[in-house]
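For clarity, chains are labelled A, B, C, D, E and F in written order, and residue numbers in each chain start from 1.
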Amino acid sequence: MSDVLSLATQNLLSPMVLFFALGLLAALAKSDLVVPEAIAKGLALYLMMAIGFKGGAQVAASGVSARMVATILSGIALSLLIPCLAFLLLRLTSRLSAIDAAATAAHYGSISIVTFIASTQALQSMGLDYEGYLVAVAAGMEAPAILVALLIARRYSDCAGDEPLGRMLREVAGNSSVVMLIGAFIIGWITGARGYEMIKPFIGDLFLGVLCLFLLDMGLIAGRGLREGRRQLSAPVILFGLYMPLVSAALTLPVCWLLGLSTGGSTLLLTLAASASYIAVPAAMRLALPEANASIYLTLSLGITFPFNLTLGIPTYVWIARSVIGS
Amino acid sequence: MEMHAKKRVEIVVEAPLLNRLLGILDDANVSGYTVLPAIAGRGHHGSWSREGLATDAGRMVVVVLIVSPDAAPGLMTAIRPLITRQIAIVSVSDVQVIRGERF
Amino acid sequence: MEMHAKKRVEIVVEAPLLNRLLGILDDANVSGYTVLPAIAGRGHHGSWSREGLATDAGRMVVVVLIVSPDAAPGLMTAIRPLITRQIAIVSVSDVQVIRGERF
Amino acid sequence: MEMHAKKRVEIVVEAPLLNRLLGILDDANVSGYTVLPAIAGRGHHGSWSREGLATDAGRMVVVVLIVSPDAAPGLMTAIRPLITRQIAIVSVSDVQVIRGERF
Amino acid sequence: MSDVLSLATQNLLSPMVLFFALGLLAALAKSDLVVPEAIAKGLALYLMMAIGFKGGAQVAASGVSARMVATILSGIALSLLIPCLAFLLLRLTSRLSAIDAAATAAHYGSISIVTFIASTQALQSMGLDYEGYLVAVAAGMEAPAILVALLIARRYSDCAGDEPLGRMLREVAGNSSVVMLIGAFIIGWITGARGYEMIKPFIGDLFLGVLCLFLLDMGLIAGRGLREGRRQLSAPVILFGLYMPLVSAALTLPVCWLLGLSTGGSTLLLTLAASASYIAVPAAMRLALPEANASIYLTLSLGITFPFNLTLGIPTYVWIARSVIGS
Amino acid sequence: MSDVLSLATQNLLSPMVLFFALGLLAALAKSDLVVPEAIAKGLALYLMMAIGFKGGAQVAASGVSARMVATILSGIALSLLIPCLAFLLLRLTSRLSAIDAAATAAHYGSISIVTFIASTQALQSMGLDYEGYLVAVAAGMEAPAILVALLIARRYSDCAGDEPLGRMLREVAGNSSVVMLIGAFIIGWITGARGYEMIKPFIGDLFLGVLCLFLLDMGLIAGRGLREGRRQLSAPVILFGLYMPLVSAALTLPVCWLLGLSTGGSTLLLTLAASASYIAVPAAMRLALPEANASIYLTLSLGITFPFNLTLGIPTYVWIARSVIGS
């Protein structure tokens, strides 16, 4: 227990989390601090390029294994399962309509790549390695949950019926973060250590500094989201945003153990399962389930679950992985 | 100089829906359109702002198109489903243009 | 298809004044507005351009809002002080919209 | 409140031609103009989008100006060459403004 | 004297000043070279993040002192005093209206953070250290002068009366550069040398290169401002833009001496006093004193005083600090 | 021959070319991956600042020579000659109108600075040096071809007659990339090795990583261009986009030999001659020859010639230079 506390403290006092907190406070205090949209998108491209490339370069060094394929498939299975569970929990504990619950559930089945990146950074500061292919797992877990949410919504509502599922899936699978992650992963894989050496000053050395600036922006929009949307959230929904990550992580823990992932790799798979999307899935939900109230899922995912994961979640997942998988 | 009466249609639409709207316009046989960015707004669903890495959900863009008066009703019918089911605001006004034949 | 007559109000206003204008609009009980960026302009006070790290002073944004014809005069009165004392250009035109009840 | 009838001129023009158009407007003795960015569009020459380091060729910007009704015909004549020879779309509509003397 | 000349030459031939000159010339020659707005804002965020963080990390190393508090208070006092002096000088020497003079005076009481950053860079290239908390002093000097200017304007004009002072002050105090500077300063303070090590490749190594690119942009907008606004400036007003920095510096010199600041720290406090705002204060003046002619204060601060400080001012302040405080 | 193959393979598997391919594929597959306009412009500014500065710093080390002046003049001569040849070939082999052919020819007389930069990077990865002043040659070759194209167009069409040539030339000569290249070149020259040391972490170490991100963007717009414009191109025109670079390179080879350039320098002059503009010249052509069909020249230059040069062209020019000039 003192272990998890010291992990949490170390994480909470990292520049990364502190810049996030700065953004959050600035937004809540109505400061006019903003990161221009183009810069935020540029930083996101950079982070995905860097994390994808590094993952690929690691795989080039370690080689492909059956475990890699199994982990990707397990990730996809988790992202199909978690939204069902999330839907049930929301319907049982809150008064959200079926459509709102389905739309929200989709977010928790998908992933947040920034949470993933922050988790890799926390691992690195503890000297823990992880399997490079988890980047590919992350990319594979972006889209499937959307499919499940649409199928659920169709059972409960006829107005949610006119969107061709295939087209939706294709749009989400071709979304920019999936393409950038997978693309950079493959390039890192092809060019290996030699390629990494060439661009290391850019994608390696600057990584943590850029991440700090990006998390400042995440804090700003999380804070703005909370200010705008907090009245939309009832207590049971807010609680869901806090316990659902832990439920997903609990569900994922035996999977990590069965797959035989390292402690670092397990932490990342737990993080992926526990994190919720706030970029790709909301946009997909506006298209597919426009009747769902966007304020609910956006505020919950970005304003509650993301800060929770960044501050307390990640050290918890490290601690669980360490305790169960060993370090 | 001779001027020709046309209609100016202005559609405020949520960004994730833009591609779908443009698809409808392409099918609706209009001569063209121009898409303008928006940076902030407020409506029944609250307010939004473009800054930061927000998702496209809840963000608006504005599509402007000049159409011939005959084409306007058909266009309205074509985009109506989008409007009734989702967030889009359409307004139509009278304008005069110089080269009438191109619209 | 039934169309409803509304007014389209377009306000060109200096960026530092935007928040104040939006505050007035919020109080004036309008159903919504959309803010568009501008990139350059010229007027009696010379020309400006958005590029570079210029200050917000002297830079314009455009606020567009659809209001019901009844609400227009009250709105004009509410924003008049802003216009007489500071840099803002307001123009009003007639438009037709599809779902009239939402404005 | 007293309102004055003016014309709102909206010119969609290719970005490389903007400076030339603004030069014409400056000579044409208008009281001012505002330039708005566009992010995408489609027309007879195909579609374009602003993202990426595209060249300015084929990209549009929108110039909006409020002019007095008397000045409108002369302005049209002045910009006609640009329109006939190159890519520009001009539309004119009626608007009401508050402080009429400034235009 | 040959000392100040060699300092000036060294400064004038630094990449920093030369990129500024490139921008200035390009704008005067009507080249279409521009730095996109979003990039310029991103560079500014970066510079404030870096300078704030480094200041905080230095304070973490050196500890808080009574001198720190005294310097911050002195900075605020200077920024209340300088606008009064500036207003008097402008009214005595030029034909500016009271409103125009008050609005212009506010700019000289506030500060230019880029001038401050350029000054830290000049110190560094000479191997001179400075007290890290001067970043906090800079942040503290942003807003107070606006208050003084409004009080002055109200005495002379009744139309300048309807803006609540408190609201104005709060808006300026919560402006993005104050929040970013103070926020990064505190994060640097909390995380100290360990935090700095983590993000040094980003905020440390790249600093001067980014500053060059940013000064290119400053040159471009200073040049554009001069081209647009030079006809608005009479000779006495232009002269004011050149001697006022020296007046402010002269006023500040005894304060440095009393505070017991180092040579580097004294240079920076002189620079802060001598520099004039061209981002936050102009926007505040459009709100509070819209009757004032913006071309005057913008052209003067950005087109005259900023280039003067960057080229000749900074070496002069180094030289004064060295001569009086010792090196 | 196996030499050229191994050069080509090495080039094709560099992160640089692979990121370009990623962009190309993403655009062809209609992914929504985009690089925001402001970021793309910022990256371009960075690349020109870095390449210009490094060229200038090299000249500071090596000194000015008669060869430098001769090379710049030869570059200008080539960019006057190549459009004439391109026009003739287009008219002989394709059905393009005189106006379309003239507008297209202008692009091939001018240069692509990104192709030039990619070529310097390829040289560096092979350990080949080059003369720093080739940056100045690149800047000098941007504009002259436009003049030739206008003169040709005027002979064939009277509607192309109302644009004052001088004004056109001045606009293109003051365009942002010329100003940035020449400006940074001169600053690098003035500040020399000392200046370079100061900003090396920014303009040196990051260079290849930034180039990768930029080439991703180039791939995206090349792919979009191909998708939009491919129906505008007849087979003879597409072929022209592939053989014209080789024709220009062949024409340039004796010039390199006469000038006595190094192998690296020769490769770069061949690359400049072979590359085609897709930023400055298209915009100039919209102004000067609006009757010409922009889809033709844009798609050809950006969608055909640029990818050809980046993938196969550059290794070919290295191989030619090596074979003829020696290594």
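Note that in this section a contact is a pair of C-beta atoms (placed from the backbone, for glycine too) under 8 Å apart; a residue touches a chain by one contact, two chains touch by 3 or more.
Quick caveat: nothing in here was measured; it's all calculated off a predicted structure.
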Which chain has its C-alpha centroid at the greatest distance from the C-alpha centroid of chain E?
B
Going by C-alpha centroids, which chain is farthest from chain C? Tell me that one.
F
Whole-Å gap separating chain E and chain F, where each centre is the average of the chain's CA atoms:
41
Centroid spacing, where centroids are CA-atom means, of chain A and chain B in whole angstrom
34
Identify all positions of chain E at which a residue touches two or more other chains, and write them in rising order.
34-39, 41-42, 201, 205-206
Two or more other chains touching the same residue: where does that happen in chain B?
36-37, 93-94
Just spell out which pairs of chains touch, all of them.
A-B, A-E, A-F, B-C, B-D, C-D, C-E, D-F, E-F
Flag every residue of chain D that touches chain B in the complex, lowest number first.
10, 12, 36-44, 60, 62, 73, 76-77, 80, 83-84, 89-94
Can you tell me which positions in chain D touch chain F when the two form their complex?
14-17, 20, 45-47, 49-58, 85-87
Along chain E, where are the residues that touch chain A in the complex?
36-39, 41-42, 45-46, 49, 53, 171, 174-176, 179-180, 183-184, 186-187, 190-191, 195, 198-199, 201-203, 205-206
Which of the residues in chain A come into contact with chain B in the complex?
34-37, 40-41, 43-44, 159, 214, 217-218, 220-221, 224, 228-229, 278-280, 282-287, 290-291, 294-295, 298
Write out the stretch or stretches of chain C touching chain B in their complex.
1, 3, 6, 8, 22, 25-26, 31-37, 61, 64, 66, 93-99, 102
